[in-house]
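Input: structures, listed below.
One chain, chain A, appears in both complexes that follow, with chain B as partner in the first and chain C in the second.
Coming up: the complex of A and B.
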């Protein structure tokens, strides 16, 4: 809690309809965000029970400086992932962090299962369990509209919700936050569905007086000026993250057609520049972020003969243009937006959905599955088939799509094609075939995401390949990001928030931290996550990397499988040394 | 003409990204509070996040000011150039000014039991990253 020495946790039990508040002084040393959430998950997760058992928790936490300083906009969610079976961790922007902050909750733990579909209405002085039976089956867009019309707090409110994929417990179902942001990865939507929880509305309108205004505002202004004056503004606001399509494609790092290729021949058609010219209609921001990286693209859909058209707009980002674009061989920006719209409608993680369809396409081409199973003729660039297949996955239409809805790791257990099932420890791959950094980074990252340690970025900045240096860089970055995510900073602003700035900011709102404290916090959080992973049965050395990573050249050229496993072993040794010292 | 009064104009809202930094800055500077609910400027969407962003701001009415007319205790004095100045010691917290404002630009602070009146100080314009807000010089009408 800002200006206090405790963390204020709201516990909600969906089975009993009861809530309780705890002021946790012991969590103060984890700062906030992922630190607090990791500890709360460690306390409440049930390793002996399945990920979708009603006893499993959902943990949300805001950071130590959420909304108080520019670009500290994200909320972290932690849970047991139905996709990987182990640590689930996902971040979303939008207004959620602002509303939790201004409602007076640092963290929320949701346990149990409602006997009927419900949505929660959280305010500073109440938590209501509201009937959502009639909302069950609604798309994430529709349910957002209904809750928006029923609940007060316009402008100071966040509405998070699931679509049919979450209700059907698709292992990579997402949770939509305020229409354009998501807890995308690792299946939080399925955990919502397993609890009969359709949506949460949060209103934040509490008075939070500033203490020590002079010092605080000086720091605020300095950070604001740096954010708006530096290149991150142009980098993320201008064409946004999709600007990366062009350089990564040119470098041979853009996973294309289930990574059969590292260059997409139609890359220019789906580049950030093309989207900006053909589809971009507006840009938006999360609350408290002057950058505004959210890009909204529009396409025109003919819904009937006789010139019957509608305009459809969706938010788009690099990762989506990779997964539903190059990875599926989609040739135009309009078609990519159509696929994004459908993933959004059903509430699927667009990254996992695209990568799952990439595997399914190749499995179909190699006759591991027949059209009787796929129901449509899957093929790279065949958008009409993919539009059907997304619906079939979300609804688990038949045994094949049911398997696919559990991710490519499990689907390839059943149907074969493990060598081209593109995942890291069960989590579908991100859009970077840059080299060993991207591969090892995702394989060892606590949540197997490119954002755990930014391996793809290390690949791009390392002048000469050096095994020791790479392993060290990944290990240090993983710990550093644990600390950054306890604030919770949007990682786009990580260059603004250097150690000096973080100390200046936190110390102006009542903390008394030194540089070595930040190091200790990062390590404390990383160790907590590793303990959770171990308890949930994760073994780093049993991770199998798909062969395709070593067949298709990367930005660094052809990669050697043996080197990759050697690097995994080296990283694991670093982890074991740290844990032995613990 | 020297020292002309200035008023806030929100006529660039087509450029708004909805970052709410203007509101956070207003609440911070004018009320020393972290909460959006203390801001005199309100940015909202019209019809969910798919709708456009709109700003509700004090229009700096000249000549006759409905909020001041409605005030029974003389707590709202005419501000040179338009709008009003709140004299908190005279305010009894009746909320009549809130109802009187035709564009709903008067918010009410439920903690202090006083209205939140825009001073046209311009701090929000300094924290708008996309030039949606600006200050305009106007003649002194008093």
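Coming up: the complex of A and C.
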């Protein structure tokens, strides 16, 4: 809590229906966000039990200055991932951080399993367990609408929920936050489903007076002006991250058709510019953000004969245009939006869903699986087949789709095609074939995401390839992002929040931190995550990289598998040295 | 020498909305110089493609070359 020396944690047990609130002074040295969440996960996760066992926890945490300063808008979720079996870590914006902050909670730990479907209504100092049997089976949109109608607190409320994929415990099911944001990656939706937890409504209506308003306002204004009056953030508002399609395609770094290609011949049809011209209807912002980077696109759908149409709106980002666009050979922006809409309807992580379908398509083309198994003739660019396949995957329609719903790593264990199953330690690949930085970054990243250490960005800025420099850059960035995520800064704003700005902000709301404290916090959090990963059985040196990464040229040209494994070894040595000094 | 500069997507905000500009540059001008002359700041220049090939900023241009300028890859 700001101005306090403790972290306020709400514990909810779905099995017993009981709650308790603890003021944890011992967590204060983790600052907040991913720091606090990592410690709470380490305390409560059960390494000896399966990821979807009822005893496994879900942890949410907000940052040390969430919503108090601009762009500190996100909430972190931590859990044991059903997709990778190890560290689950995912971030979402929307209103959730604001509502938790104003309800007076820094973190929430959910354990147990309800005997019947429930949704939780969290308010200040109270939690209600509400019957959700009538909501079971609803899409995330529908359940959002019903909870909105039933629960009070409009404008001060966040509603997070799962769709049918979460109920069916698809390993990469997502959790939808306030319609347009998601805890997308690593299967939090399945953990919700395993607990019979359909949704959570959080109402935050507490007012927290600022103690030194003059100092706080000065700092706030300085940050606000940098966010709004400089070029740092404007591209995120303009066309948003979809502007990546053009440079990645031009540089030969856009994973296309299950990474059989690094350039997409229809790239211009799904570029940020095309979406902006043809589909963009609205931009939105998370609470506490003056940027507005959420881009809403619209397509027209015929729902009946006789010229009966409806307008359908969905949010889109670069990663979705990659996974359901270039990766599947989708030729138009309208078709990409159709695929996004269906993934959203069922509550699937659009990234893993697209990459899984890319593998399935190639497996079908190579006759590793038959149409009897795929039920539709999968083929790159065949959107109608993919629309069916998304439904089959979400519902685990047959043995093939049941395997696919566990991710490409497990599906390729059963059906073959490991060499083109595009994942890093079980997490489906992100949309950057930029070079060794992207590959090693995802392989060593604590959650195997491009966001752990920004490897793609290092590839872009490194003038000459140097193994030592690359490994050092990844290692230092991973630690730095642990610190940034203890504030749960939207990483789009990481250039606004340099060390000086972070210290200025935190110290204006009652902290007393120095630069070296931030370094120590980052390292402390990274070590905690590594301890959790080890306890859950992760071994960095056993990670196998799919051969396809070294067959299709990257932005840096053809990559050498031996060099990649050498880099993995070098990174692992850095980790071992740090942990030995722990 | 005559050089064509093409600005992709978001970068058009630096070229008054124009996607293509014809420039008259001195002999041996570099690709990054062409982008800068078109109004695109070096800090915003991610990739340069000359006649279909990715090049460094220092790449020396020839009369009649086309320089395509792309923004940095962005993300979280």
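Operating definition for what follows: the second predicted complex is superposed on the first by the 582 of 582 C-alpha atoms of A that agree within 3 Å, B and C clash if a C-alpha of one lies under 4 Å from a C-alpha of the other, contacts with A are read in each partner's own complex, and residues count from 1 in each chain.
FYI, a contact is a pair of C-beta atoms (placed from the backbone, for glycine too) under 8 Å apart; a residue touches a chain by one contact, two chains touch by 3 or more.
This is a predicted model, so every value here is computed, not measured.
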{"item": "Touching partner for A:163 - first (chain B), second (chain C), both, neither", "value": "neither"}
{"item": "Which superposed partner A:241 touches (first chain B, second chain C, both, neither)", "value": "second"}
{"item": "Contacts of A:180 with chain B and chain C, given as first, second, both or neither", "value": "first"}
{"item": "Greater chain A contact set [chain C / chain B]", "value": "B"}
{"item": "Partner chain(s) touched by A:329 [first = chain B, second = chain C, both, neither]", "value": "neither"}
{"item": "Which superposed partner A:318 touches (first chain B, second chain C, both, neither)", "value": "second"}
{"item": "Which superposed partner A:454 touches (first chain B, second chain C, both, neither)", "value": "second"}
{"item": "Contacts of A:224 with chain B and chain C, given as first, second, both or neither", "value": "first"}
{"item": "Footprint of chain B on chain A - complex, ascending", "value": "2, 67-68, 70, 98, 101-102, 144-145, 148, 154-156, 178-180, 204-210, 213, 216-217, 220, 224, 228, 233, 283-292, 294, 313"}
{"item": "Residue ranges of chain B in contact with chain A within the complex", "value": "17-21, 24, 28-29, 32-38, 42-45, 48-50, 109, 111, 127, 129-130"}
{"item": "Contact set on chain C toward chain A in their complex", "value": "8-10, 13, 44, 46-47, 49, 54, 68, 70-76"}
{"item": "Residue ranges of chain A in contact with chain C within the complex", "value": "231, 235-236, 238-239, 241, 243-244, 246-248, 250-253, 271-273, 318, 432, 434, 450-451, 454, 456-457, 460, 490-492, 494, 555"}
